[in-house]
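The letters A, B, C, D and E name the chains in turn, as written, and every chain counts its residues from 1.
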Amino acid sequence: MQATESVIYNRAGQRVVSPEYLLFEAPRTKHFMTGSEAVKEAVRRASVDASVSYPITPQSEAAHLIGELWVEGYVGVYFRGESEFGVMSEIAGCAMAGARTITTTSGPGTLRAFENFPMWAGTRIPVQLVLMARGVNSPLSIQPDNLEVGFLLDTGCMIWYAENAQDLFDMILAGFVVAEQPDVHVPVITVVDGFFVSHTREAIMLPPDDIALPPYNPYRAPMPVIDAEVPPGRFLRDPFVMKSNYISYATHASWQWEVRSAIERSRPYAKRYLKGLIEEFGDPSAELVFVACGTAAAQAKEAVRLLEDEGIKARVVKLKTIRPFPVEELKGAVKNAKYIFVPEFNVVGWLEREVRRYLYGHSDAEVIGSPRVAGGMTMPAEVIVQEVLKLTGKEVKHVL
Amino acid sequence: MSYKIYEINEDLLDVMPQEIRDLQFRATWGNPKRGVMDLPYSKELIEEHSLCAGCPESMALRYILASLPSPEDTIIVNSTGCTSLVFPHIALHTVHSLFGNQNAVASGIKRVLEWRFPDKVKDVVVLAGDGATVDIGLDCTLQSFFRQEKITTICFDNEVYANTGGQESGLTVKGHVFKMAPKGKQWDKVPFWQIAIDSGCHYVARLTVSSPKRVETVIKKAIYVAREVGPTYVHLYTPCILEIGLNSDDGLDEMRQRDKERFAFFEYVSDAAKEVIERKKEEGLL
Amino acid sequence: MMRKRVNIRMPALGGQGAVTAAHIIATAADYEGYYAVSNPFFGAEKRMAPAESYARIGLEPIFDRGEVVYPDVIMVFHPQVITMGKSYTMPFYSGIKRKGLIIINTEEDLLTDEDKERLESLDVKVLNFPATKLAIDIAGTELSTNMAMIGALFGAIGCVGLDAIEEGIKSRFLKKFVASGGTASLDSALERKFKKKLELIEKNLNTAKGAYDLAQRWAGEQGLEPFLPPPPKKVTV
Amino acid sequence: MYYVAEVINEECSKYNCKQCTLFCPEPNTLMYTDEEHHAFVVQERCKGCALCVYVCVNLLKRNAIHMIMPEVHAER
Amino acid sequence: MATLGPSGFSPYPVAVYEGVLNPPPGKALMFNEIVDEELAMREAARAMLTRANPTIFPGPQVLYAWNEEAREKAKLVKRIAQVLGAKIIPMYDYRPKYPKIDPAVEINPNHPNLTIWHNRIKACIFVGVHCHYANVALKIIRAETDCFTIAMCGMAGHEDAMITLRDQHVEEMERFIKVAEEVKKELGK
């Protein structure tokens, strides 16, 4: 950005800088805050046009804070919708009308909103949903549990997974950049484990708040924006259910492939703006590998340290994107693995399924869907270690 | 940008089919005094549709499309149902999203357009059936009224779920036998026009589409008031001749009968709306 | 082996400010130059119902989050945690690590012989400390109980000094945007609020300081070493 | 193959009413020509509902429009 | 032509699933190869000049005079058609038309194959079509016809086309005309 003579400002009066500058080059200072506050700081620097909110624990605070940004003039349109179903529809309306749009939800709210997600993808809107995963009924739980992410995998939205507040901050900014590429232009769901990130305070490095992403240009969208400013006039922002001839299966099939293609096209962009689709931690020569995302990856990193104390080499392959799934990266990362542990915060083990599916025929390692906790249970590193020692037949020396 | 987006590049005019050229040269754009009396001569903004022969809903659509005061800057949001079979054939930006979320989508569109184009008029009009408006979409409909969204909601009340094969809806009259109410509907027709008033609409009208001119006036009032004041609601009786067992030429007669009873013309105008309507009358736009 | 990490568990009752305490503890430790993370227990904590929060302080980046299952320090904010079992873990000290520390806000000894035997076998020290009483004495309100607990913690485990504690308290109470309760206030009302806030911070600091001194003396008597080596060099801003 | 409407031009041009064109449920189908002073039907678009006949015959008591079976030709 | 089912029982080939992604800025894509734009333009012109019934499918972004660039591009589309001896069939909007399209004079993104079959088009250029609809159409064409597809895209390109040129604006289109004229001369046409 720097060398240019003309300086551009966004509507909030912030200096517009390139995504590369904002994400990688701008000087950063340390702040101590929660994940929810990190959402606010990301939105503040994202030239966001619109946001609609609805309360549900644990995402409410993030939604309140975006409201504060509206008061402060950083966000153009903000209001509380009637329910998550209504909110996700309102969000769709905002995005169709040409706005950079963000919202947040959790657990049961995700399920209530569900009908909207494939619609979002099918209508090619680059909205961002910050999902602070929590348990779903029944019985009622407000605890961290990411079962809902398993349901979202095939909605046609990109799914990114942040480990901590820093990840989340950077991902929200990168999310807009990648989702709005004309050849991608599908929604991005940036997931964090609710509470574990939203309510946890930690140090986070932030660029200054007087610079921001370039504003969204709706006229680069792959579908005409709904603002009566672009042709064609006759234009339906949806596939065709009408009883016309010749149009049913072929188009619908092609349309679905196109949405999935869009996700595939996001790979090079995501690689660039997330600095890789995976992150590796620990001893590269280790044969014991944890493949995980979010808090499970964090806990696995702690477990790697404890295992080191036991004299066992281990490492973590953290997946930053689930859709697109980092197939090639994962295959490369587990080349020498003997044991692949997939620790998860849900009862079904959706990530284990994904890992097995993509590694099938490509790895001789034993894939172990463990440890797995659910219902809000925590996953202490000590438990991971115990499980690893048990399942690999190693001697348990460590006393808990 | 307005109707300029329909202007064909001169260099490519010769390759455009007649119906598209007609849209540029024979349709009514940029004239707030347009109305149903243009129908016999002009190119309509609705091309062709796949609704049943004789369907009163399609009459309603013709009148509404002919009456929009500023079609070039009007966004239509619709919902699932018979109406969604028509919208692809309308020469405007239209959105079909999900069944029942039309007022929510419209809220998002309206607020963003107001923010993006503070100096322009951008009308957002919701057109949906009774199932979409009052049953599955009730929450979104009412909440958009509560929030005072500046949109016009038009409900095509055919008193039945027609597109799915004739099931009872909240707006079916008591006692009427439809699928899913095999013993006859057990409870009263929902008086939604009244609920709309209580929920904050500034202009509410209930009518059949037996009089094109009346539909025109109502639609114009509803849109002008929504533009300046807040939500407006129009409740139109558009009987499903198929589901109530009438012939294709019986629709108009059916509506004329109902004009005398449960769809007798009814209009509510708030004080703020009165002011707008009077002003528009003085300007010769109503 | 010297600790690389101190995990702190704070069982309390809703309304006692345990979440705030965790936040201040982590912020103070961060300011001091350690890595630190804090979070609450994830539930719908109502007044007088069990509530719990956690703080982690360490020499290297902390990935671990969520409940502290194996704490080095347990801070019991209310006697009912023990007497009425208002705790997420039973007994309240389950998971405590060898050479750990328990601080209990109480004027009397609440532990059974069996408890004491178990804790002694793990070489865990127990500090019975009337935090609420101290808060009332110094700040004039029981609401400063959490400040007394924070002071007692750092007085006992060392590592984090009074300057850092002060920074932690200020960062908690001098938030920029306040959007709750009633309609938007007038400027004068805001000013009054702010003045009140400064007074509050002063009282809180004094309470924490009083408790800090007290606990530091106690630690000296007990021969407690600092729980962590000095902080690694870190960029603080 | 089905019935379509046909305007009886001489009869229609006696009046200046255009009512049928308004009540037709099909867009761009039943139009009016000022030059020749009568309504006319674009038969390709007519679905044969006969509402126009109801309007003209039953309501207005005129006889300017009727239903006919059109000749159908193979496509060009 | 499709032989099974009403719209062809086509297993959809999708370029990105075969590992083909859009070219980086400044480059073009020819089948699954990233090549210089010049070469791609040349091959595109050759295809249009040597295959039967070459046709340009302009989309709404160049058909309507909604901004200055569109006016300019419309002139260039006309010019390209002249140089290549190609027909122009417009994709004037994206609606699934009722009751049916006239494949002789229009193309619809929801069943573009009908127009290609009807006119026996063996090479075509997409220009000014919004990316999503171009991609939907190109996949169907790829599955159900033997037409050589060329995408002249104002943005990132269309990997489902056989040749895709990205970031094509007035300047690039003018360059394409020059290249096409050269190729035409080389071919002795």
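Here are a few things to note about the model shown:
Please note the rule applied: a contact is a pair of C-beta atoms (placed from the backbone, for glycine too) under 8 Å apart; a residue touches a chain by one contact, two chains touch by 3 or more.
Quick caveat, the model's predicted, so the values are computed rather than measured.
Common neighbours of chain A and chain D, by the contact definition above: B. The minimum number of touch steps separating chain C from chain D is 3.
The interface with the greater number of C-beta contacts, when B-E is set against A-E, is A-E. Chain closest to the overall centre, judged by the mean of its C-alpha atoms against the mean of all protein C-alpha atoms: A.
For chain C, the chain with the farthest CA centroid is D.
Chain A and chain C have centres, each the mean of its CA atoms, that are 33 Å apart.
Chain centres here are Cα averages; for chain D and chain E they lie 43 Å apart.
A separation of 26 Å divides the Cα centre of chain B from that of chain D. Averaged C-alpha coordinates give centres for chain C and chain E that are 68 Å from one another. The residues of chain C never reach two or more other chains; the list is empty. Multi-chain contact residues, meaning those touching two or more other chains, occur in chain E at positions 63-64, 66, 92-93, 95-99. For chain B, residues touching at least two other chains, in rising order: 1, 5-6, 47-50, 88-89. Chain pairs that touch, as defined above: A-B, A-C, A-E, B-D, B-E.
Per the touch definition, chain B reaches chain D in the complex via residues 36, 39-41, 43-44, 46-49, 51-56, 58-59, 61-62, 65, 212, 247-253. The residues of chain C lying in touch with chain A in their complex are 22-23, 26-27, 30, 35-40, 42-44, 62-67, 69-70, 171, 177, 179, 235-237. Chain contact summary for the complex, chain E toward chain A: residues 5-8, 10, 12, 14-17, 21-22, 60-61, 63-64, 66, 92-100, 109-111, 113-114, 130-133, 135-137, 139-140, 143-144, 155-157, 159-160. For chain B in complex with chain E, the residues that touch the partner chain are 1, 4-12, 15-17, 20, 47-50, 88-89. Interface residues of chain A, counted against chain E in their complex, comprise 124, 181-183, 185, 220-224, 229-236, 240, 242-251, 253-255, 257-258, 260-261, 264-265, 267-268.
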